[in-house]
Amino acid sequence: MNYNQDEFLICTIASLLETSRHVAVGMASPFPGSAALLVREETKNQIDGLRLSMIGGDANNPFTDGGRELFDCSGQGRIDTFFLGGVQIDGQANINLVGTGDYPKTDRRFPGSFGSAYMYFVVPKVILFRPEHTRRVFVPEVDFISAPGTSEDGVYRPGGPHALVTELCLMMFNRERKRFQLTSVHPGHTVEEIQDNTGFDFDIPETVPETLGPTDQRLRLLRTQISPEIAKTYPEFVARVFETTV
Amino acid sequence: MNYNQDEFLICTIASLLETSRHVAVGMASPFPGSAALLVREETKNQIDGLRLSMIGGDANNPFTDGGRELFDCSGQGRIDTFFLGGVQIDGQANINLVGTGDYPKTDRRFPGSFGSAYMYFVVPKVILFRPEHTRRVFVPEVDFISAPGTSEDGVYRPGGPHALVTELCLMMFNRERKRFQLTSVHPGHTVEEIQDNTGFDFDIPETVPETLGPTDQRLRLLRTQISPEIAKTYPEFVARVFETTV
Amino acid sequence: MALFTTLDDLAQQVADEALIVLPPDYSNVPVAAVMALIRRGVKDLHLLFAPIGGIAGDLLIGAGCVKTLEAAAITMGEAGLAPRFSEAVQTNTIAMLDSTCPAIHTALQASEKGVPFMPLRGLIGSDVLKNRADWQVIVDPFDKNDGPIVLLPAIQPDIALIHAPLADRDGNVWIGKRRELMTMAHAAKTTFVTVEEIQDDNLLENDLTAAGTLPDMYVGAIAEAEKGCWPLGLAGRYPADTAAIMDYVEQASSQVGFEEWLKIYGAPR
Amino acid sequence: MALFTTLDDLAQQVADEALIVLPPDYSNVPVAAVMALIRRGVKDLHLLFAPIGGIAGDLLIGAGCVKTLEAAAITMGEAGLAPRFSEAVQTNTIAMLDSTCPAIHTALQASEKGVPFMPLRGLIGSDVLKNRADWQVIVDPFDKNDGPIVLLPAIQPDIALIHAPLADRDGNVWIGKRRELMTMAHAAKTTFVTVEEIQDDNLLENDLTAAGTLPDMYVGAIAEAEKGCWPLGLAGRYPADTAAIMDYVEQASSQVGFEEWLKIYGAPR
């Protein structure tokens, strides 16, 4: 079955959620939201199936204690998986959501750090999602650390970066080595291409497999059951991603 | 018009609330509750009429953020008048709600400090209400300080004791002198009787007036409109106090 | 563990020595669940009230289930002093951690937020503070002239035990405006709930009920218990049974009388 | 001051230089009131979002009403970057206090509780912390091995400005499950509210509505404003007008375009 790039990315994220128990999805996160909805649907008959809490809309949003509940809930250790992005991301998994240039006089200002400076510390498995894979994004050192990828010993930090999903590849973050390692390359791309477009060093195993594409079953589920569900929170996204494929 | 002792005490408390803006009434406080309901009714057509927030039941209880809201609200400075009692009260207005004897091995254990250790500090005008006026209650020094009447300089303390109402008299607390001063003696009692029954020193002006009894108008209001209102929170109290007088 | 269970099975899931938090008398007290805990013979509980207790505490103390009690007060309200509590403290058979209402709310909020402590005004110079070796006093680091301020360590209960009028089949629980139950549930590792009834419609899908709903993510077990607060009342459903409470206070003035009362009223209903 | 007033009169009561807190885009944003503030020509606001802003912030910034902005982010969501915000920060015409969502929630909770500060995990090593001279880092006094922890000073807004579907004649306001509005109102000195409609029945007297009601003691002014969130949506009432938001982002990419947009849509309705 054919699929487009966005569907591929959703399913790649989904493959990282299969052992998650409680996934939270923040504002403006339609890809992670779709992936989590997909895995929740796939595991709905399991006792320990994926639980999903999405903010940014009323759908799939169980919170009843205001905007702070997502953060409080994470601080309590109830959420094991969360997603962050970055205007810039560096090789130590530091992320910048604020802007480029010499802060506070940014050259280009982006929205801001959101909850990253907290969530990155307390959620065990943070998945970084940033489709654009260029040296503009993946820099040697971020201009502003919205949230650091690693912390010194003694800093309370049950959480941190787990994986990075881009339009070119999947990397996993090694917390001991404080470095990314290339895990798989998306179909049609090469290790060399990834190196060319990444501004930091990362570990490359001897053999790097190709990222598996979505199964037909997963694609069908995504298009039929998940797309109307995600449309409740992200109507524009669904119109764009699924209109040509359904 | 005749009145009983309880009605007299309610009206004596009421006379202390006439400049209050927001009165809060804690658990197990039917006398203060009745007094505040009375003054609220009397001032209901004034722009700055008395606002009342009672906990311990659903009636006249505006709080919607759980048990903490009374305390948070007081910490915000929104409440100017509150009531406390005491198993023991001493001349510096220290109050003991925990028990007599050498804590923790109390001879006689009472319920506990409730919110006193906080409210006494943050509510500007705390009225002490303790009908029993004996040396058992009004002691030289309390056995356990649930909440201190005064604090050293430098301690954050916008609140504190304002007045003391007993079955014998009304006293006001002087925060500079850290002492009570006798304000008025209830009808049928004497200064000497008060001295005999008080275990601590207090200031006595040259002339001490008699405490004014309730006006007929106030009594009528209390019996007709206030008693059914207070019955919503304290049914037993109303049955006992008002059954013979209405 | 099945989310929906029976009252006695729910009680079986409460371990000895657990730190249990119970609500105050005006707020959905799970008395039927407390009776089930007594039947199960639970021992050495660390019992916390948020922030004051009444008959639920007196029952657990009288039945010998409590090792440590933390509360701002234990009172039977208009019915008088709590007899088993008073005697237990006077004879030193339970360890008492005297607190003050906002301190308990605050310590639970600290746990709710996942922080190790929270500050609270007041307390300075009280014997409540003096007897709490687990509390600390610091100088406000933002304003050295602001005076001393108390820091309270977070309290994380093992179980919040509450009653509610209504749950749905997804495990959401309607608590209305009784938000102390929300804080307790957020702060505790898990929450066990008894309910008057269970409805099919999802409470979160209706804007009116959602506003007062504890989401299922915090809930570990739900059991039906009709009139589960008796002899206490449940706002909007039934009033307190004042005569029964008065009767309890009288009978429980002796341990023998307490045990007789328990034999009659503590049986499964 | 009359509790019930008009939209423009409500705006008159907002002083220049006031510290105003506004809700996030998913939660009852009083856009009509923001337009009224702009018409009134309010100046030098200290604008706080609890914790992120969107078109309401962009409008106030574009209209020159803001001196200092504190937020965890300003975003137009799926419509892209906030054009007036981005330009103002890039050209340094407003002072920006970059924060993170839970830090703003926490600082408001500190004010709600009347404490001078509250702790928060995380933040250590971030440039968010590095650029906040007003935040402090201490060692956890309960456990020296627990590492450093950040203390955030309380933020007390002069005014919380919110929209709601419903108020009653006593001044109570129904906010449903949007509890960040409750925290904002508790934390602020007073709360100004625009509402879709005003009902006769007291919201606190119905158990279902009481659970989601902000009591009148916190409310300083109420004005009716039908579709008061437009072009944003109001949950349970109307969806966001996505086309209008997209159109705004496009037009407001220049200051001239912004002012033209404002001339059309910023007029009283």
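Of note:
Order of writing sets the labels: A, B, C and D. Residues in every chain begin at 1.
Basically, contacts are C-beta pairs under 8 Å (C-beta built on N, C-alpha and C of every residue); 3 or more make two chains touch, one makes a residue touch a chain.
Computed from a predicted model, the values in this text were never measured in an experiment.
Should one ask which of B-D and B-C has more C-beta pairs in contact, the pair is B-C. Note: the chain lying farthest from chain B is A, by mean C-alpha position. Centroids of chain B and chain D (each the mean of its C-alpha atoms) stand 40 Å apart. The geometric centre of chain C is 35 Å away from that of chain D, both derived from CA atoms. The distance from the centre of chain A to the centre of chain D, each centre being the mean of the chain's C-alpha atoms, comes to 28 Å. Residue numbers of chain C whose C-beta contacts span two or more other chains: 106, 109, 113-115, 120-121, 146, 149, 177, 182, 210-213, 235. Shared interface positions of chain A, i.e. residues touching 2 or more other chains, are given as 63-65, 68-69, 71-72, 75, 122. Listed by label, the pairs of touching chains are A-C, A-D, B-C, B-D, C-D. Within the complex formed with chain D, the residues of chain A that make contact are 27-28, 30, 55-58, 63-69, 71-72, 75, 97-99, 103-122, 144-148, 151-152, 154-156, 234-237. Residue ranges on chain D touching chain C, taken from their complex, read 106, 109, 113-121, 136, 138, 140-143, 146, 149, 151, 153, 175-177, 207-213, 235-236. Note for the complex: chain D touches chain B at residues 111-115, 172, 182, 186-187, 204, 210-218. Contacts from chain C toward chain B in the complex involve residues 24, 26-27, 50-52, 71-75, 77-78, 81-82, 85-86, 89-90, 92, 96, 98-103, 105-106, 109, 120-131, 145-149, 177-183, 235, 242.
The residues of chain B lying in touch with chain D in their complex are 22, 51, 53, 62-65, 68-69, 71-78, 122.
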